[in-house]
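In what follows, chain A forms one complex with chain B and a second complex with chain C.
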Partner chain A sequence: MLFAGIDIGSTAAKAVLMSEDKREIVARNLMPSGWNSRETAERLLSWLMSLGYSRDDIRIIATGYGRVSVPYADSTLTEITCHGKGAAFLGGDDLTVIDIGGQDTKVIIIKNSRVIDFVMNDKCSAGTGKFLEVMANRMGLTLPEFFALAEHGKDIKISSMCTVFAESEIVSLMGLGTPREDIACGAVGSVVSKVATLVSKKASSGKYYLTGGFCESPLLIRKLSETLGSEVFTTPDARFAGAIGAALLGK
Partner chain B sequence: MADYHAMWESLGMDVKTHDLLCEALPGAFGDVYLSQENRPEGMDYFNMVVAEIHGIRPAELVEHKKNGGKVVGTFCIHVPDEIPIAAGAIATGLCSGSQFWVPGGEKKLPAATCPLIKASLGARFDRTCPFFRLADLFVGETTCDGKKKAWEILAEDAPMYIMDIPQMKRPKDYEHWEDEIHGYLKRCEELTGNKVTPANLRAAIKLLNNKRKALQRLAEFRKLDNIPISGKDVLLITQIAFYDDPARITAQINKLCDELDERAKNNVSVFKKGAKRILLTGTPLSIPNWKLHHLIETLGGAVVCEEMCTGIRYYEKCVDESGSTIDEMIKHLTERYMGAIHCACFTPNFERIDDIKRLAKEYKADGVIDVNLKFCNIYDTEGYFVERELNNAGIPVLGIETDYTDQDAEQLKTRIGAFIEMLGN
Partner chain C sequence: MLSLPKNFETFNEARQKSFMALYQAKERGKKIIGTFCSYTPVEIIHAAGAIPVGLCGKSEQGIAEAEAILPKTICPLIKASYGMAITDQCPYFYFSDGILAETTCDGKKKMYELMGKIKPVHVMNLPQSKDQALAIDAWTEEVKRAAKFLEDLLHVSITPEKLHDAIVYRNRLRRAIVDLYEVAKIKPSPVSGYELSTVAESADFHFTDDDLIAKIEKTTRDFKARTRNDGANRPRVLITGCPNAGVRDKIIKRLEELGADYVCADTCSGPRVQKFMIDENADPYRAIAERYLKINCSVMTPNEARFDDIKDLVKEYQVDGVIEIVLHGCHTFAVEAYTTMNIIQNELSMPYMRLDTDFSQSDGGQIETRLGAFIEMMIAA
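Now for the complex of A and B:
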């Protein structure tokens, strides 16, 4: 029996297949969640089946906010439990996991590889991936282009707390001729400070560990480490943390 | 359902708009309540009361008024119902728990006002709740700032009487509240034209103590390992207790408890084995606000206790029955109504934290969910201590902020679902 985890997030859908002993990631796949989570889930199933196993050989656990749209899953779990478990697999038994997702950001406290506490941002999208997506869009950039630009920017302060207001603030900054790299850099700084506030709400455990789509953004990791005053660890596989955790929790 | 349109018309209600509420309620009630398996038969009475929530009881109040009786409506459990009852009036709760009334309140109140206050004003100004038409006196209190200022607006349309509740619990504050209750007694006498006698007041104290004892008897079943009744059913009964006839509901609760005694003997549980036991604490859940109980109990949890005004704070402690003069009895009412209710409008309010820890133990809670109605500043702020002290005591706690809409249902599902998963590993 192999174990698969399907994590349908608001922006990206992730799937991993893990070995029988759950020690190794056999295969991974990432695709945009798109408009229709059900279709995305079906595409992930075809991918899984294309690996050469039959459905009966695999136990499938779904997570993420689109977990209900995975009709073929054997069971479902919330993304908090799965992210915690997956992060512990990647980063160690005691962690303060910081997951910056497309729509919400969460801080999960792990002790002895168990979730003991967590906090999520409120309805507002400031401090999430959405915020940066909106800002990049406004500047006519893709997210990777946006990050590349931000690397060369100076830190300026975006004072608006709310995504909608921050967007108009950026428009007026552009109107004033503020360099685009500075604006991008400032936007990343804004997300980092929101995330740090969320982190400060809970007593931390072990080292900081970043999961989610930004685990390959050196600028964000660097800024987050500076703001928290302690190194933030991560690995490229950390974007699969939810799916890994789901697979690990399959029984 | 019987047709109450003529009565509603005669009460000056906006019947057309009110019909929308009447259409929505049965569906919501069916989804949340009637879909439960293995419900006690004794719930039938309460089902019926809710099905005709704006019919049966209002009709009784209309009858009472026809015979010259008066109706007194209240918004806070610090205000003793014994007083209007002793003066021959009917007391009814007026707290509103539906989004239906919120937009009406928003016409007059700032957006950053808690939904309970908005809904209460909306129910009056939009003329869509019979209880808000029937009350001859609306008793407000100076608890939180939101209510305090809202009463001034409500007073433009409704006959208000305001009681000044202290913010601290020093001896002089008790004296002040005692004085306020004396004033309330006078006001109720004026309203009804009846003199309150020691015998009447003693009878009212007994009557309401009996209701409390019945509710506490019901709560005791939730301490069992096999819980014979769902948390949302108990919530419903508590909510109904705010406006139903006290003697009748006491009898109905006791009848239900007899049935539960049988269930307990046979170890009947309405929950799956391993359901996580949740204690709720925080702001009130007024009827028909069943959202959190419903979410928790469909996600594998069992609500075992509410450290709330619509919960244990309403019934756990009784009024001392030993008084023989009016003055003595009012002293005892003061002790109960100020001393035994730990609302965040007091400073400090550490007794509440002690209560939460004690109740978590008594009801064997696996975790605590601290609920805050959006824009309730005092409970939100107190959440700092709730969380810290429960952490120190090793009791898992989840803080949640919500309102009367269903917009956050998905986010709440994730948070509560993750919390229950966390308690299970």
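Now for the complex of A and C:
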């Protein structure tokens, strides 16, 4: 029996297949969640099946906010439990996991590889991937382009916390001729400071570990480490943390 | 799964149904006094021959209208209570001959000043601490002054006999309600906490029912006789913090649908407040004052006894996790939540989660994810 985890987030859908002993990631796949989570889920199933196993050989656990759209899943779990488990697999048994997602950001405290506490951002999208997506859009860039640009920028302060106000602030900064790389760098800084506030709500234990789509952004990791005053660890696989955790929790 | 009996009456249905009963009572010449808080000594209302009715806002209704006058940032309970009053949306308020209120939190006591422009409102001065010098003496005088207000308003006289009868009646009622709550001490609980708390808290609306106590006692027996076969693996949750009637469906019902049992409320309508009885053999005013001053609410400072209560309840009800509900704008509970968190997580090593919310439905999805994750956390613990 193999174990698959499907994590349908608000922006990206992730799937991993893990070996029978759950020690190894056999295959991974990432695609945009798109408009229709149901279709995305079906595409991930076809991908799984294309790996040469039959459906009966695999136990499938779904997570993420689109987990209800995975009709073929054997069971479902919330993204908090799964992210915690997945992060512990990647980063160790005692962690403060920081997950910056497309729609929400969460801080999960892990002790002995178990979730013992968590906090999520409130309704507002400041401090989430959405904030950067909106800013990138406004500047006519894709997210990777936006991050590439931000790497060369100087830190300027975007004072509005609210995404809507920050967007108009950026428009006026552009109007004033502020270099685009500085604006991008400032926007990343804004997300980092919001995330750090969320982290400070929970007494930190163990090391900081970043999961989610931004684990490949050196700038964000650097800034977050600086703000928290302690190194933030991550690995490219950390964006699969939810899916990995789901697979690990399959029975 | 949460399963409710076919004839289950929701809180709102119970509330609606009793409109008619109240109307008829009013037609027969009965007087009605509105209340908003667990500190209101309802015995003096009974003794004045009137019916006490809880008017606390418990839904979004009236909030938009209230926000035209009150600050948006004030707690939803205050906004809803005031909004229902100014828009004539609450027949209970409409039928009330007067309001008996007290100086609890700042938002509420200032709101009463505005409410006083619509109805006769008497605000009792509640001490800020039971340990305060002369607290009990002052509060006893306040109870007497409130009785005087009722006598003048309703043109009645509150005799020692009537007061004694009211004390005996409310003690019996409270005992019955505590017994009802204690059904959930059975593990697994034979009845859903959503159903149980709805019945317990709706008791307030059956004010004209002479057999109310007998009916509650019967419900307790019926509940105890029920059996459930799915309860074994469901974590048992205690809910603490702000009054939760306004988020009953969004949080409590959902919590049970997702797989946990709500077994105990550490709120002012729950067993920890109901269990305080009034000494039937002492001076009635003093005895009433003593009973109400025992209530441990976050409006008091210090309020350490609240945490002893929580610890007792966690043990007595064999709780697996604690959820604290903090309504947006409620400073007193928001500040105390830090202490609750430390006690539950560090002293009791138990899962604790704080939910900040209001009466709107807009955060339903987020709350659901948090509840789900919390249940998974309790199961793994």
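What we mean here is this: the second predicted complex is superposed on the first by the 251 of 251 C-alpha atoms of A that agree within 3 Å, B and C clash if a C-alpha of one lies under 4 Å from a C-alpha of the other, contacts with A are read in each partner's own complex, and residues count from 1 in each chain.
Here, contacts are C-beta pairs under 8 Å (C-beta built on N, C-alpha and C of every residue); 3 or more make two chains touch, one makes a residue touch a chain.
Small disclaimer: the values here were computed from a predicted structure and weren't measured.
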Overlaying the two complexes on chain A, which is it for chain B and chain C: clash or fit?
clash
Partner chain(s) touched by A:Asp122 [first = chain B, second = chain C, both, neither]:
both
Who does A:Lys154 touch here: chain B (first), chain C (second), both, or neither?
neither
Quick check on the superposed pair: does A:Arg55 touch chain B, chain C, both, or neither? Answer first, second, both or neither.
neither
If you stack the two complexes on chain A, which partner ends up touching A:Leu77: first (chain B), second (chain C), both, or neither?
both
So, A:Arg114: does it touch chain B (first), chain C (second), both, or neither?
both
Counting contacts the way the document defines them, which residues of chain A are shared by the two interfaces, the one with chain B and the one with chain C?
65, 77-81, 104, 114-118, 120, 122-123
Flag every residue of chain C that touches chain A in the complex, lowest number first.
345, 351-353, 356, 362-363, 365-366, 369-370, 372-373, 376-377, 380-381
Can you list the chain A residues touching chain B in their complex?
65, 77-81, 104, 114-120, 122-123, 203
Counting only contacts in the complex, chain B reaches chain A at residues 391, 396, 399, 401, 407-408, 410-411, 414-415, 417-418, 421-422, 425
Parts of chain A lying in touch with chain C, wherever the complex brings them together
65, 77-81, 104, 114-118, 120, 122-123
